[in-house]
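Both of the next two complexes hold chain A, though its partner changes from chain B to chain C.
And then the complex of A and B:
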């Protein structure tokens, strides 16, 4: 990628090391008077990668937005300076700020889909902002490690997976050849191999093209590998111990007890049990999961064929499901089967874009199927939410990949979490607030959050509210679609330990959809591998991961190993 | 150092600004509602000469029969304001519910939109005449019915397209998958997130309602003389506009100011930050 020559770069000519952007003592306060960012400092230099880390809710997103000169509505800078390319962006007139943002600054938000016009095709989206209109969009897509660019460039964002959308948004940002690149969680929702490739790409951009890059990230490994400087933001609000800043994901025992705390639910004993298996698995890698699987006596006996051949009736059975978007298009899912026995954990893994999310939507009835059937306890479910009884809908809950749109912006967190309790009559009305407090504590949120609205929460906090809402319905099957991709390492471990603990206490069976293979390897009994909409392999997690029979599984595994 | 206004102070200033923008509409509506009790002279007996220019006791002069224009102005707004507010509320509310249901149930949505397309072809004046002539005893009710019937098709098209992205959002899907009924989805999940659009729509429909109700008055299908009514005043006093311009200008200005101030208030009340932010999908 060649950088635009002849650009007015007064800040590089004289002083090669002059900072491209500098933030000093920045404090941003919300309308209610809470500090979103407190006394933050940051220096970006051309050719250097700066990582922003910190627990969710510590102000990473707000700080990146401050660099673009656009603070979230309702918030104000109460102290400090933000200087980008020699301008104080928070005091710059609109016109100049726009020119600066158009030509020199690129920002990719946490929710890449919301930045993509759903009616534009990928190639126009990429070309729209390009400094050079003759740019070949396919080459740019290649650059952001989106192979198949030629095939994807005719699609609209709605037909892309979460990971693909993220890379299109990145390609769009790079197309205009900025001087400063700001990325909010650029690797969330990508599988480990891809995460590393994007990391390498960022490093390459910084080194070769002298870009000043700031990115927020909660993947400690990636930050340690590619970042030149790390800025650690502290929690702006007091947190439960589980979310305490910078807790390394190493001692899972601490995470488990912290997550379940002394709240009386999900007893510590159960959490300790999962901790135990985690240690085993962690010690000896994938092979160790053999112990996990055999120890959990309720492991489903799904064979290696894609349809279930359990001895009893599985709790949830998906048979030969096919889904096609639009007429004549290639199917997104083809003859997919999945069986979940009561109390087990089932993993669904596959590369980005292989149909994992579509499968989740089919199971909860949000996506109509072209063929196939879904049964709960042997009773067939209608292939759409409307035909299903309320009790059937309660028993299968989904936590989606994108936490930003998952909460009603007009309702408080307490209202959102309390609603399933009332709807499904899980608790008498008087006990609802107490149960909401309990659920929020379980997912590691301060009960004080019950009074807040979703826009006051960070992405990770919203994801935890979504988990609490799903748990409130007391489901029999909980489907988690990449729920940890928006969480920092410590919180992700704690949430997974919480779910594992609940499951061990006759809680919901889990369907973990993920590309994070270690996560699936440690916490599931059986696993199904999807590739391009087909089940290529399924069986006991230990068997599949120790002796992968299909090249796609092997590829996923090798990427996971090199990615760590 | 570069401390801007403290957040508490800025919030207070924002509230003041909203109040200032809501105030004119509130004053005008209250004045129109209370007007009939404030008249200095009876509205149906002459107190001065026909088309008398402003003088002592009659600051806006007399109308075609010598009745006090100020008194008739104060008394003539209530019905117009009440009818228009009722029409605007019914149209906006009806369109919002139809729009939200239409967005959540595409089959219903297609039916609603096609019906609206058909009804839109009916010219407003023809519609009023049709309803009021086929229901001669209807009076105000007939005018309100006609105005609602004419307004809903326009409003519903807008409401359906505004509700579509909300209906496709993650939280509506989550609620639907979680077992919520259609009514709950409409009332709790979709409509609260359309507040800004619906308030703007309310302002627009209020202006349109004033227009339809005033047209009816002008055509004498609503209020009949000798009742005091702004639209009726404009019609009756048109002939004497050069002798006492206030007899026509005052009710015209009242109608215009009412429409503008209600729109201003609706815009001021629409939420601007945070909570209305909707992320589709």
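And then the complex of A and C:
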């Protein structure tokens, strides 16, 4: 793709690195009067990558949205200025704002799955925003490291994996050849190899095509490697681990974040405005903490792995399942098997697009199969969207990759979590509110959140609600499909520790679907490796990861090592 | 990497599903027809007495009953009538004429009237609903939504009378009644304008509200916000990103209107003296002519079933795109 490197910019005044965008003293307040962003500052310059970091709920998404001139519904700017390419975007007339967005300012949201029109094919999605008619969608897909773009360009978003959707969204953003690129968590949900590729791509776009890029990211390693400037939002909130009892000392990310977080943020933001880099120290520090956390959890899971081998009949057995989307298409899953013994944790790993999510959907009965069977406790489950008994559905719960899509926008958190309690008759009606409180505390949310709606929560908080809802049904098998991909390191660890703690107390068996190999390696007893819809390897986690027998496993492992 | 699939592999289940669906609809239609037979039977009097001429004695009536088969039990008559259906035989009317030939002239007229009205309803409600949705809360939106509610509450005959009053009696632009040509259809297209309008106006009111609500609903999808942030024009956002999500609801609304249009046709054809199935139906009910009533119902039911299937097809296509 050819960005115009030396193209005239009417907003420049001759200076090569005049700011492309500048945010000063921005405060954004919700309708309820909570500060989502307080006195934030940010400067974007052509050719530079600015990373926004901070725990989930610290205002990263809101700050990026402010740069597009459209704040999330129900929020308003109460102070400060946002200037993009010489325009005050929060005061720009609609027509000019539209032209600015259409030609020069691209925004890629946090949740690419819901951001893509499900009725349009990939090539029209990309071509819709192309700068000129000659733009070749396949070339753009290639540029965003989406292999096999020619084949995928005829598909609709629903037939793509989460990682593929993310790259299509990026290709769509780049199609207009923007000057400013805003990315909300561009690498969440991608496996380490791909994460680095996207990181390199962003760096390439900034350096070679003089784009001004801002991206929010909770991956300290990536931020340290590619960012030129770092703006830390709400960094003052320390991570508090969730104890085995599931009761955090104080709920992180609650109302307190607004106050403490914003104070720390104002300071660092100002610093970022003047200093060019202060990345590596913070980044390596965070990576170090993540490392120790991993080690401790390894120790905690070894105890349970013995029980895994003593059981006879698997709790959940998937046999020879094949799935094909549409006529004449290549199968997404081919003869896939999976066995989960009671109380164990099973990992499913594989590169983006290998069929991990499809497998999860098959198990819970959301996806019809073309062949194969699924059994729970030896009793066959109907392999399709219909005909499972309520009790069978209750026993297998799914937490998805995309928490916003999975939560009903018109229900409060309390209603959402309370519903399974009623539907599956887990608690008498009058005990439901108390149990909801208990569940919210268990996943590290303030019980006060029961009155809020999903759009008032951050990505990480939504995922906690989704976990609480799944736990409310008291399942025997809990399937977690990339549930930590949208969470920052600390929150992800806390959620995983919570699940591990539940399992230790005779909680559900876990199926962890992830591209994050260390996460799977530390917390599972057995692991199944998928590649292009086939099981290429499975066995005890330790054996598979220490002596990978298949090149795909080896490739995943080597990426994990270099990616960290 | 994929082995070649048998081409028929995916088609056969789709056909089987369609077949099952058609069977279900046919069973529903049969149940409806049974209900029609029972209802006509429950009306006081029967075809023999309703068409009796002055001075006919009880013996004449009994003879006519035997001739028309009215002395046989209802279930048997219904079975007899139903067995003729697959062959296209709708039975015999009380006047001794085959129902098919009785309806072959008027029914196409009603279909033309209803079809034109449905087309006009679809165009008007989509155009006005989309215009209103482009600028929510503005003058046009408020006018359209308000008028739609008012119009929705008007029965067809009120609209018909008002139209005749204004466009025919006061201005004299259009004929108030329909003259029939040699082939039994209206003599001029101008005679169709007022009946079509009388049918369209109430249905448009109803459908604008559906279009408006369906578009507002579909506009809440996250990908619509993405399209707005991508700087696409409001027209493009509406047509490419919002409308596809609203189509299933809109199609279902229009399909529902088909039933109401056919029902409204009875009234409108009477008011404008149009030669259609509506007037045939009205006189058949007066004559307690079960086979004719059931015949009109069967044809109308078949039309509505086809339209509903089309609406389901739209929905399937739209939701199929999501998978």
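By definition in this document, the second predicted complex is superposed on the first by the 476 of 564 C-alpha atoms of A that agree within 3 Å, B and C clash if a C-alpha of one lies under 4 Å from a C-alpha of the other, contacts with A are read in each partner's own complex, and residues count from 1 in each chain.
Note that in this section a contact is a pair of C-beta atoms (placed from the backbone, for glycine too) under 8 Å apart; a residue touches a chain by one contact, two chains touch by 3 or more.
Bear in mind that the values here come from a model prediction, so they are computed numbers and not experimental data.
Just from the overlay, do chain B and chain C fit on chain A, or is there a clash?
clash
In the overlaid three-chain picture, which partner chain does A:103 touch, first (chain B) or second (chain C), both, or neither?
Touch status of A:103: second partner only.
Using the touch definition from the top, say if A:120 reaches chain B (first), chain C (second), both or neither.
A:120 contacts chain C only, not chain B.
So, A:411: does it touch chain B (first), chain C (second), both, or neither?
The answer is first: A:411 touches chain B but not chain C.
Looking at the overlay, what does A:68 touch: chain B (first), chain C (second), both, or neither?
second
Pick one for A:147: touches chain B only (first), chain C only (second), both, or neither.
Neither partner.
Considering only the touch criterion stated at the top, classify A:33 as touching first (chain B), second (chain C), both, or neither.
first
Would you check which partner chain A:420 touches, where first means chain B only, second means chain C only, and both and neither mean what they say?
After superposition on chain A, A:420 lies in contact with chain B alone.
Of the two partner chains, chain B (first) and chain C (second), which one does A:93 touch, if any: first, second, both, or neither?
Neither partner.
Please pick the stretch of chain C from 19-27, 163-171 or 253-261 that overlaps chain B when the two structures are superposed.
That would be 253-261, the only stretch with clashing C-alpha atoms.
Let me check the overlay on chain A: which residues of chain A are in contact with chain B and also with chain C?
111, 114, 118, 158, 404-405, 409
So in the complex, which bits of chain A are touching chain B?
Touch list, chain A to chain B: 29-33, 72-74, 76-81, 91, 111, 113-114, 118, 158, 364-366, 385, 390-391, 393-394, 397-398, 400, 402, 404-411, 419-420, 423-424, 453, 455-456, 466, 469, 473.
Residues of chain C touching chain A in their complex?
Listed in rising order, the residues are 1-2, 4-5, 7, 9-11, 220-223, 225-233, 236, 240-241, 244-245, 318, 321-323.
Over in the complex, which chain A residues touch chain C? Could you list them?
These residues of chain A touch chain C: 68, 70, 97-103, 105-107, 109, 111, 114-120, 128-129, 156, 158-159, 172-173, 176, 324-331, 404-405, 409, 532.
Considering only the defined contacts, which chain B positions touch chain A in the complex?
Checking each residue of chain B against chain A gives 1-8, 10-11, 169-180, 188-189, 192-193, 195, 272-281.
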